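Chain nomenclature is as follows: A, B, C and D, assigned in order of appearance, with residue numbering initiated at 1 for each chain independently.
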Amino acid sequence: MSTEADQGLARLRSMLLARRFEEKCAELYSATKIRGFVHLSIGQEAVSTGAIRALHDDDAIVATYRDHAHALARGIPAGTLMAEMYGHAEGCCRGRGGSMHLWDAERRFYGGNGIVAAGLPMAVGLALADKMQGRERVTACFFGEGAMAEGEFHESINLAALWKLPVLFVCENNRYAMGTALARSESETDLALKAASYEVPAWPVDGMDVEAVEAAVTRAARGIRAGGGPHFLELRTYRFRAHSMYDPDLYRSKEEINEWRQRDPLHSYEQRLRDQGFLDDESLKATEGAVAEEIDDAVAEAEGGTLEPIEDLTRFVYAEETA
Amino acid sequence: MSTEADQGLARLRSMLLARRFEEKCAELYSATKIRGFVHLSIGQEAVSTGAIRALHDDDAIVATYRDHAHALARGIPAGTLMAEMYGHAEGCCRGRGGSMHLWDAERRFYGGNGIVAAGLPMAVGLALADKMQGRERVTACFFGEGAMAEGEFHESINLAALWKLPVLFVCENNRYAMGTALARSESETDLALKAASYEVPAWPVDGMDVEAVEAAVTRAARGIRAGGGPHFLELRTYRFRAHSMYDPDLYRSKEEINEWRQRDPLHSYEQRLRDQGFLDDESLKATEGAVAEEIDDAVAEAEGGTLEPIEDLTRFVYAEETA
Amino acid sequence: MTEVSATPAGATMTYREALRQGIRDAMLADPRVFLMGEDVGAYGGSFGVSRDLFAEFGPERIRDAPLSESAFVGAGIGAALGGMRPIVEVMTVNFSLLALDQIVNTAATLSHMSGGQFAIPLVIRMTTGAGRQLAAQHSHSLEGWYAHVPGLKVLAPGTVEDARAILAPALADPNPVLIFEHGSLYTAKGPVAEPPAAVSLTGAAVRRPGEDLSIITFGGCLPKALDAADRLAEEGIGAEVLDLRCLRPLDVDAILATVRKCHRAVVVDEGWRTGSFAAEISARIAEDAFYDLDAPVERVCSLEVPIPYAKHLEDAALPSVEQIVRAAQRTMGRDV
Amino acid sequence: MTEVSATPAGATMTYREALRQGIRDAMLADPRVFLMGEDVGAYGGSFGVSRDLFAEFGPERIRDAPLSESAFVGAGIGAALGGMRPIVEVMTVNFSLLALDQIVNTAATLSHMSGGQFAIPLVIRMTTGAGRQLAAQHSHSLEGWYAHVPGLKVLAPGTVEDARAILAPALADPNPVLIFEHGSLYTAKGPVAEPPAAVSLTGAAVRRPGEDLSIITFGGCLPKALDAADRLAEEGIGAEVLDLRCLRPLDVDAILATVRKCHRAVVVDEGWRTGSFAAEISARIAEDAFYDLDAPVERVCSLEVPIPYAKHLEDAALPSVEQIVRAAQRTMGRDV
C-alpha cells in the first residue's frame, strides 16, 4: 500500500480507537465500573487525531477533562487509560486522576485539567521554558469555545503573544459549553477574529475533517517553529453525546444533533478513503477488528488490575525528588 | 457672559480644583498628614472633568484607587475628601477608606476600587440592575490601560456586550501601569481595536483635550441610552507624576515627561479659552483664587476634624439594614 | 423529580427539590430576585437545582452566564448595589476560587470601607464537598475559608428543611450571604412543612440530644454524625449532635452550651485537618470551656491529600462514620 | 540601599536587601532561575526587593509581567514543569486571590493527581499583612489559607537572616513553595552571616528561651512577640518565643515541646481570629498537650473587621504588643 494509504488508514484507526474506547466507557459507566465525571469526545475525534498527528513527539500537549481521545491519539496505551478510569494502580495516574485527569510525563501529555481554561497558563509556561532554554518545541493547548469567556484565556493568549511564545491554541468549538450555546456565551462568535485581536495568526478549520485539521495544525506549528509566535485555530466540530454522563441534554434539538451526525468525521473519512481506493470492506473490517481487540484487551487489563494500597494514599502529595 | 464661556470656565475650574487639590495632597503626604497609598491624576484631569461633566446626575460612576479627580468632578465636597484622607470621621467613608477608597452613595460614586480591574464586574452589575428595572441610566467605569490585561476586563466587557448593558468603559490610557509601558503589557496596543473585538463600539480620544473628552462621552452615552449597548473609549493621556508616593519613577525618561507636559490639559485649555475670549488674566486669577480658597477650606475642615471613636471600629462590618 | 409544584403540607422532598422550591418562592415573592450562573437555565442547573425554572421565569430572571466566574459574581455585587436581589450560583466551590477576589476584596469589604454607605444584599450559592469520585479539582470543602472573612455570612444547610427555608432570610439579609450545598446531600430526602417554617439565618441546632459527648458538625457531615450517634447509642453512649448551620457568624453560645453539658466533644468537618474550620471550633472550646472539658477535643477531618478519584482512596481520605465513632470512643476514654 | 554588592561577613542589612541578595545568589548559581511578576523589572519591584536586578540580569530573567496574576502564576507552574526554576512574585497576597485557582487547583494537586509523575519546583513570593494604612483591600493576612492546602509548602520568614537564607532551599525543593513577606518587615534590620548559613526550609525556631509561657507566632508578628517578651521579662515573666517559620508543614513537635515546657501558651497571628491559623495552633495544643496545659491557650489575632485606613482604627484592629502582654498575663493568672 502507498504511504498515503497508510496515513489514511492510520487516521481512521486512530479515530476509530477513540470512538470505540469511549463507547465502551459509556457502557462501563452504566455498569458502574467507571465513576465520577466522564466527558466523551464522540463526534470530535477528527480534532484530536488530526491535531496530535501533526505534532512532534517532543511537543507538549495540554488537554482538558475531555481528554480520552487526546490521550489515545498521543499514544498512551488504552489499557493504562482504562485502568485509570477503573481507579486502579496500573492507571496512568495510579487511579488518583480518573477520566478527567489523564497525565503522562513521558509523552509530554499535560493532561486532564478539570478547571475550564486552567490549562492555558500552564501551556504558556511550558512554552516559556522552551523559549528560555532555546528548544524548538511547540506546546499545543486544547480547550473548548466556552473557555474563551474565561479571564484565563485572555490573560494567557496575551502573555503568549506578548512574549512570542511557541504555543498553539487549539479551540475545539463544539458549539456548546455544557448547555450554553456559543451565541449565549460570547458577544463575538467569530472566534478566530477574537484571537486575532491579540495579534495572533488565527483561522477557522473544519473540525469534522481530519485531514483539514492535520493540515492546519501542521501549518500553524510550522509557523510557530519558525518563530512566528503563538497561533490560534478554531476547529469547528460537534459533540454527538451529552456533555457528561449527568447531562439530560435539554438544550438542543434532536434535529440539530442529527444534522451534525450526517457529518460524522469517521463516516465521512471512511467514505473518502473508499473513494480514494485506500479502503474496502475487508480492510475496514480488519481495522474494526484490531480496534475491538485493543479495547477488549484494555478492558481485560483494567479488570485484572489492582487497587493502590490505602497505605500509599498520602504518597505523592509532595514530590519525592527534584524533577 | 455667554453660556459657552460659562461652560468653558466651569471646565477649567473643575480641572484646576483637581490639580490644586492633588498638589496639596502631595504636600500633606510629605507632612505625614496623609498616609497609605496615594495616586495622583495630575496630567489626566481632562479625562475626569470631561467625562463626568457629560454624564447625568443619576448615572453611576465606578472608579479606581486613582480617584480624587473623579470624586471632585462628581461634586463630592473637597472638605469631605480631605477629611477622608486625614482618616477623620467627617470623611466620606468615615476615615475607613482613605485615598484609594472614596465612595459616595448619594452621588452614585462607586468609588475607589483598589484592586485593578475589580470595579468592572461591579459596573456590569449596576448596569444589569438598571436594564432589568427599566431605568435609562448609564454606568461609567474608569480604569487604566494596564487593567485591560486582567481577565476581569475580558469577562466584564464580554458580559456587558452579550447582554447589551448600558456600560461606558472609560479607559484612561496613561501609557504605564506602574512602571510597565503599554507595549510591554499588551500584544495589541490599539486598545479601541481590542475592545471592538467584543462587538463594542470603541474609539480613541485625545484625553488631554477636555472638550474632546466631553464630546466623546456625550456621544457614547447617547448611544448607550439609545439602546446601543456598551461603548468603549480609549482616552489617551499621561500622568505627570509618579505612580504613587512610593514610586521612584525609574522607567521613563525626563524628556518623555517633559514632552507630555507641553500638552498639559490645563494650560492648553486655558489658552483655548483665552483665544476664544472667554478668559483673561483677571478671570483666571479669580478662578485660581476661588479654587485656592476651596482647598484652604477643605484643609481647614480636615484639620478640624475628629477621629472615629475606636468603639465604633466594628460598626458597618455588616450593614445595619436592608439597602 | 423534575416538576415544580406546590408540595402538600408535611411532604417529603429531596434537598435539591427543597432548594428549588425556595428559589421559586423567592422569585414569585419579589420581582427583584433573579438567579444567575453557569447553566442555571437552558441546561437545568448543573446539579438540577434550577430545573424547570427557566421555563417558568424565562431567560432574564433565570440568567445563564458565560464561563466567567469573576465577572458574574461581581455583576451580582453590582446588581445588588443597583437594587436587585441576585442569587448567584457558582457551580462549585472549586470554581469559586476564580471569583474569590470579588467576594473577599469587594463584597466583604464594601459596607465597612465605605463607612456604612452601601449594603450588598447578595446571595451566592455553591456546591461543596467530595464523595462522588470527582477527584482533586472538584472535591474541595472550602467553606471554612469563607467563614474566616468579616463582612460575609456563611451558611451550610445540612437538612432538607434548612435547604427549603434558608433562602428567604438569606435574601432578606442586607449582607452578602454564601450558601454551601454539599453535593452528597442533593438526593437526601426529608419532610418539609409547607409553607416552610420561618427559620433564623444564624444559630446552631441540636439535631439529636445527648448527655455523654457532643458531636459538632455541619453540612455534608451531618448525616455521618447522626449515623455515628446511632452507633454510639447502641453502645450506650449518648451523643448530642450539634449542627452549626451557620459558620459565620458562629453560634459560640450553642457550642459552649453543649460542651458544658457533655464535657467531651468531637468536631467533624470535611475540610483538610490543618487549618480546617474544625480547628476554630476546637480552639474555641479549649479556650472558652477549658475547665469544663473532661478530655481533649477530637477532630475528624479529611486526610491531608488532594482528594483522589479511586473510590477506596477517596473513602479513606474523607471523614467516615467509623472514624467519628472511634474518636467519640477515644474521647470517652475507651481506647480502641 | 539600592546597590547590590557582596555583603561582608556578619554585615547588617535590611530584610529587603536580604531577600534581594537571596534572589541574586540564586540567579547567579543556576541559569534556570528567573524572577517573574508585575513590575519586578523596570520599576524596580513594587516594594523595592528586586531593585537593580533588572540592570544586572536583563528583561528575560527579571521578567515584567502584565497585570494578569492568574496567567503569570500559571505560567510559573508551566515553566517549572518545563525545567525552569521560576520565582514568581505576586505583588501582594491580596492580589494572589486572582491566582488562587492556579495555586490550589493546579500547583497543589498535580503531583498527587498524576500519581507522582510531575513535580512543580516553583517558588511564589508575596507581600502580606497590614500596618501601613493601606486599608481593606491591601491588608490581608491570608497565609493561613495557603497553609491549609496539601501539596503546598508555606514559609513566613520573620527575621532578616531567614529572608536571606530561605530562598535557596525553597528553590531546591521539588514542590511549590510560597514565601510570605510581611510588609512591615522590609525595613527591619539584622545581622546576616555571609555566605548565609544553610537553613532548613521547615522547622520552627526558638527566638528567645523562657520557662513561664510560650508565645508562638510567625512573620510580621515576631517582632511584636519579642517586644512583648521584653516587657514581660520586666515583670519577671519568662516568655519563650517560638517562631514557626514554616506554616506547612507545621513543626508540631516544636510547638508541643515549648508548651510541655512552659504549660501556658499565647498564639499571635495577624489573621482575623475566627478561622485564623492561630486556631490551628491553639487546637493542636489543646488536643495533643491537653494534660500539660495549666491554663487555656490564648490567641491574639486581628479584630474581625476589614482593615481600616485611619491609623488609630488600624492600630486597634491589629495585634499589638500590649495585647500580647495582656494575654500572657491572663494566661499566667494575673488578671488585668
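A few comments on the model shown:
As a convention for this text, a contact is a pair of C-beta atoms (placed from the backbone, for glycine too) under 8 Å apart; a residue touches a chain by one contact, two chains touch by 3 or more.
Quick caveat: nothing in here was measured; it's all calculated off a predicted structure.
For the pairs B-D and A-D, the count of C-beta pairs in contact is higher at A-D. Chain centres computed from CA atoms place A at the largest separation from subunit D. Subunit C has its Cα centroid 36 Å from the Cα centroid of subunit A. Remark: subunit A and subunit D have CA centroids separated by 41 Å (rounded to whole angstrom). Separating the CA-averaged centres of subunit A and subunit B is a span of 46 Å. Shown for subunit B are the residues that touch two or more other chains, namely 93, 95-97, 101, 113-115, 149-152, 154-155, 158, 162, 184-186, 317. Residues of subunit D in contact with at least two other chains: 66, 68, 70-71, 94-95, 98, 101, 105-106, 112-113, 135-137, 150-151, 304-306, 308. Against subunit C, in their complex, subunit D makes its touches with residues 70, 94-95, 97-98, 100-101, 104-106, 108-109, 112-113, 135-137, 140, 144-145, 147-151, 248, 250, 271-272, 274-280, 282-288, 290, 293, 295-299, 304-306, 308. Subunit A meets subunit B in the complex at residues 149-155, 157-158, 161-162, 184-188, 193-194, 196-200.
Residues of subunit B touching subunit C in their complex: 60, 91-97, 101, 103-105, 110-111, 113-115, 118, 120-130, 132-133, 139, 151-152, 154-156, 158-159, 162, 315-323.
In the complex of the two chains, the subunit B residues touching subunit D come out as 35-37, 87-88, 93, 95-98, 100-101, 113-117, 146-147, 149-152, 177-181, 184-186, 246-248, 250-251, 307-308, 310, 313-314, 317.
Residues of subunit D that touch subunit B in their complex: 38-39, 41-44, 46, 64, 66-71, 94-95, 98, 132-138, 303-306, 308-313, 316-317.
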